[in-house]
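Multiple structures are listed underneath, in structure tokens.
Each of the two complexes below includes subunit A, the first together with subunit B, the second together with subunit C.
Here is the complex of A and B:
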């Protein structure tokens, strides 16, 4: 399992390197990355329901953070699902992507995403789970924004990221609360009894749901999913069908075992899921872009899954897992098909397409299978799992089943809207010569559609797969089965009603369309999102204008006052500061005089250049002081930093205006004098306080251990590279980031120039 | 709010000064300073020195060279040193971690060769080398960027 998670990450680096060299063939390498994930199917097939395997890799054990991967039936099933769709998406993209795509990036991001997703479903450690969760957010941001020159892609990426980051924060808090209340940071090690009795139970529950709803695009967070279709189609298939959006569903399924006892859990998830089912289907019915239609259909189907898992009972878990498999099969197939249509005709707009069944007979057959599975028609997998859905909702009450039927009827209707591109008179944009797509595009879709058919014709195969999750999701005792024919049951009647209603909607499609146009609300989740974003922008810019728009001297005054106050309180609280005045080494007085001279010199300097040079004097004076205190390392560092700073100052000042004194009133003079005095006294007292140790000093430890522990005689250096090496690593990272930031600031507005093309050409060099 | 700048056509590549004295001195001093910087890097583990100081000193030498001759002695964009430095430091720390010791734990030992006698090796030197590369890269990148700003570009309203 550890390998299954890590291989995509490793191969991602390789793919980034191979991408520009191998071009589209990198996709075959990418497909290899999912091989270990596919092999995880072996334990599932061999012995369903054995003890889950646990693999632990050290990460930061001191923080309770380790990579613990737990292969229970459900996690493994999901991991295999990710592996299958990931492999197919990689292979499909080889044929789909154009020659000038940036393959290095595309496959690197795709594999990073696949790896994070695998980590997410397999993680047993809550902190690691959160880490992988956030990684899926970041990588999906990169994937959606892959074609970053298009503003729609950027917008979609940002939207997806903001919404799922909100949920991510919720998950972080939930994870923290869970591990405090449950006494463990491992999901399987949580103390369930203590957790349920804890007052943190309800907040953790709500925060978990927030995370799950944002990730799985439930109302009102559904807005990000349709714009996420700006990603290339293979990515959409991966993101929408198997993985990213189902992360929330996984969370609800897994944590439902913990939270399910509270009436709040189904009380929130089931109604919200059903509402998403209906609203998503309603919106899907309105789309003219095929991919947008599928995206809203995903929103709707996720609502269905959410409502089933939200029940947190055996019947719900069984039905949901069965539908999860079906959905992955038909939705990925449909995305692949839409990719084929786009590829062949150059458009995805419904009104421009028609009668494609003549030119694309194979694609038509594939679409028919997948789409009818989505609509829930026999003998396909979707029909079987929809029966279970109705059964579960029938138990909840008449209102629930009514909503479920309505949602399914709308699903039926939009499925036929999708199929319209194949029916009727042939129509295609001018110049397009649609013909059957290459095998590389058709095969993945056909394979998935065949799976959908198998799940329907041989329900026992789907049941065998579903049952692998029975111990993990606690539905081993559930007696229901997946069958095509259960006899005349209430669920069957509900299905017949759905078909009738759906047929009516298809028949009256035109009237429905005009209705939909009239019923469009004036504001929707998208407009709310944009006004929120706008409000936040306005607020932050006003805040900045208020707090940072002052003149430099005024800001300095504020800072000095704050520093004086803070230092003053500190000194007053620690009266022993005054004690060591008598023990000061007087030998450094000349150096001190130098420092003071430098400081006064800066004040008197009339021009910036002089001021900088004189400031340097104080720096070099400090270096001398360090030398006097026998700290040659510090002195050397101080000297060099001072030298470089002076150089950089001088370089920067070349194009600043000459120094000018702002007019100051006597009152201002007085205030400034007072502030300067206070700051000086405060700093002196602070330094004095550091001369006397309030606690036993830590330096002897380093003196004793630096040679044996780090192998160096220079304690300062050993401290930097070994004992506190992690700090150093952080610091040099900061140094690097600062350099990049300054570079981009200086180059601002000078596009197209890099330093290398500003150097003189080869011949002109002396 | 932002000051308007008068853009001039081509960025200047001429030396900042045309001082022959500076040029001769820099030619003599350049190699010495570089050598000293490398010495600081090498002996850092047992005596005052280390990657940070050595990096700054190297940067000083290169900036001096650039000022005096108008030409970069480093034949690559200094910003490129950043990722390598960071990767080297990070990678050095990762090795002990993968071997089951704490992250960044350094190791050391002694080698005896007939030519040099006994001397100490320490993985900390590699870490320090990463720091060195990064510091050289950052300070040079900043200095070069500021050098390449055309001094004729002035803020409007300047006297």
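Here is the complex of A and C:
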């Protein structure tokens, strides 16, 4: 499993290197990357009843961060799904991409994405899960924005990233809460009882749902998915059918075992999922771009999956897993088909296309199978899993099944809208000569469509796959089966009703279109997104204008105030230890006097020379303090540095104007006095509270080892050059860099000797 | 004794912060060196002020803690480097802006161009090569040199 996750990452680097050399054939190498993921199917065969395999690679054990991959039935099933679609997408893109594409980048991103996705579904460690989750966000950003010269692609990429990153933050918080409340950073090691009793349970639940909903494009967050179709079609197939968008569904499925006991969980996911089902289908019905239609259809189907997994009961999980498989098959096939149509006719616009069944008979057959599975018609997989969906919703009550039927009828309607491309009189844009696509494009789609048919005609094949998820998703004892014919059941009646309603919608397509145009709301998720983005832009530029336009001392005042507020809390909460001054040796008094004179003198000094001399006094005072407290090296260094500093100041004064301070306004004067006073009091309290705070010291080690280890009897020197030699090296580097900086600054000043030419000449100033 | 030093450190920090908020650029640099002194003394104080021997193994123990002393030694040198750099930056800022009023640097320069110009410099303290610098006709300056 570890190999399955990491091979795509490794081969991604290889693909980036091979891309410019091998061109489109890099796709064959890319397909290899998913081979270990496909091999994970082997343990699936004997899965039921077998303990899930766990592979742990230690990484940062102190943080509880390790690469733990857990191969339970559900994760493995999903990983294989990713592997299959990833392989097909890689092969398909070999034939699909044009000659001048940047293959290196394309395949590198694709593999990075595939690897992150595999890591996400297999990961058992919560922190690693979050890491992979964010990596899918980043890599999908790169994939969607692959054609970054197009503004739509950039916009789509940014939108997808902003929305899923918002959810990612939610997941980070949720992961933190879960590992605190559950006492473990491993998903399977969480203490479920403690977690359910914890007050952090509800916040963690809500944050998890936020993450899942943003990733899976549920209702208020569905806006990013349709614009994400700006990616090349193979990527869309990969992103929309098997992976990226289903990450949220996976999260809901896995954590449903944890959170499902709370009524809040199905209470939020099921209504929201059904609403997404209906609204996505309604929007899909309105699209004229084939890919947009499929994108909204994905939104809608994800709503369905979300509502089923949200139930968090065996029936829901069973139906959802079955539909997950079906959806991956038919949706990827349809995306591939749309790519073929785009490839052959040069357009994806519905009104420009028609009657393609004559020119593209094979494609038509493939589309028919996949589309009818999407519409839920027998004898295809979609029909079987839709029956289960209705059954699950029937148990919920009449309102739920009504919404479900409505959503499915809309699905039925937009499927036929999609099929219109092949029906009616032949129509294609001028100059296009549609003919059958090369095998490289047709085969992946055909394979997937055949799978959809197999799932329908041989429901036991899909059932066997679905059952592998049984232990992981807690439907081990669930007695349901996938069947084409159940007899006359309420679910079948609901299906018949769906067909009737869907047929009506198809029949009245024109009237429906005019309704849709009239019913389009002025405010939708997209316009809200853009106004939010605009508002943030305006706010930030105003904030910058307000704060960064301030004079430097004013900015410093703001910063100091903030620091005082933050540090103040810490200082006040720390224990204060007051040591009596009584044991004061007389020798220290002159030192104190020097320091006090320096500090007060510099404030009173009118003349800059006085100020520097008085500062020097403080410097000598601290040197004296070092001497008094048995630090001869320090005293020596301080004295040297002090002498050089005074010389430096005197040198600089040659070029600087006089020392009298410029007047401050009374308000600022007051604020400054207050800030300075607060800083002083804060520093005093801080020192008091940390006196001998850090017991036991580590210094005895140095005292003992100084001579034997470093060969010197001056412990401080040995410490600097031997024990902490790299620190000293860094210090020397800093001094060297400073010397260079000073040299360049001085030389810069020497050359021209003029005030900046940024200042306009006297007469032209406004 | 630690209490006394804590008070002294507080005083140094207060003086440093007050100087840091000055408008005169030299005072800002001085303020920073005051804060550096306070920092050094704070490290020493926190480790405990005592009457033990200096950490020289030629002397009989017990010894003072050598670790804070090593830290301070580094800090002194770095502090010196910082002061020198800031002083040069101050010098350069003065040359570029034509005045040494921190409050008028940066964007303020563009916003209130009349408020402070190079002539605010105190004439009696000006260096020998400054007056002609500041009074130089802008037309005479070589073009294309950025600040």
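Keep this in mind: the second predicted complex is superposed on the first by the 548 of 766 C-alpha atoms of A that agree within 3 Å, B and C clash if a C-alpha of one lies under 4 Å from a C-alpha of the other, contacts with A are read in each partner's own complex, and residues count from 1 in each chain.
In this text, contacts are C-beta pairs under 8 Å (C-beta built on N, C-alpha and C of every residue); 3 or more make two chains touch, one makes a residue touch a chain.
Bear in mind that the values here come from a model prediction, so they are computed numbers and not experimental data.
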Just subunit B (first), just subunit C (second), both, or neither: which does A:656 touch? both
After the superposition on A, what does A:194 contact: first (subunit B), second (subunit C), both or neither? neither
For A:599, using the defined touch cut-off, is the partner it touches subunit B, subunit C, both, or neither? Pick first, second, both or neither. second
Where does A:710 make contact in the superposed view: on subunit B (first), on subunit C (second), on both, or on neither? first
A:719 contacts which: subunit B (first), subunit C (second), both, neither? second
Would you sort A:740 into first (subunit B), second (subunit C), both or neither based on which partner it touches? first
Check whether A:569 is in contact with subunit B, with subunit C, with both or with neither, and answer first, second, both or neither. neither
In the superposition, subunit B vs subunit C on subunit A residues touched: C
Subunit B versus subunit C as contact partner of A:729, first or second or both or neither: first
For A:644, using the defined touch cut-off, is the partner it touches subunit B, subunit C, both, or neither? Pick first, second, both or neither. both
For subunit A, give the residues common to its interface with subunit B and its interface with subunit C. 632-633, 637, 641, 644, 648, 652, 654-658, 713-714, 716, 720, 728, 735, 738-739, 742, 746, 749, 753-756, 758-760, 765-766
Using the touch definition up top, name the residues of subunit A that touch subunit C in the complex. 548-549, 551-554, 556-557, 560, 578-581, 583-585, 588, 592, 595-596, 599-600, 602-603, 608, 611-612, 615, 618-619, 622, 625-626, 629-634, 637-638, 641, 644-645, 648-649, 652-664, 668, 672-673, 675-677, 679-688, 690-694, 697-699, 702-703, 706-707, 713-716, 719-720, 724, 727-728, 731, 734-735, 738-739, 741-742, 745-746, 748-749, 751-762, 765-766
Provide the residue numbers of subunit A that touch subunit B in the complex, in ascending order. 58, 632-633, 636-637, 640-641, 643-644, 647-648, 651-652, 654-658, 710-714, 716-718, 720-722, 725-726, 728-729, 732-733, 735-736, 738-740, 742-743, 746-747, 749, 753-756, 758-760, 765-766
Interface with subunit A, subunit B side, in the complex: residues 5, 11, 13, 40, 44-53, 56-57, 59-60, 63, 69-72, 76-79, 82, 85-86, 89-90, 93, 100, 103-109, 120, 122, 124, 127-128, 130-131, 134-135, 137-139, 141-151, 153-155, 157-159
Contact residues on subunit C for subunit A in the complex? 1-27, 30, 33-34, 37-38, 40-42, 44-58, 61, 63-67, 69-70, 72-74, 76-85, 87-92, 94-109, 111, 113-114, 118, 120-122, 124-130, 132-134, 136, 138-139, 141-143, 145-147
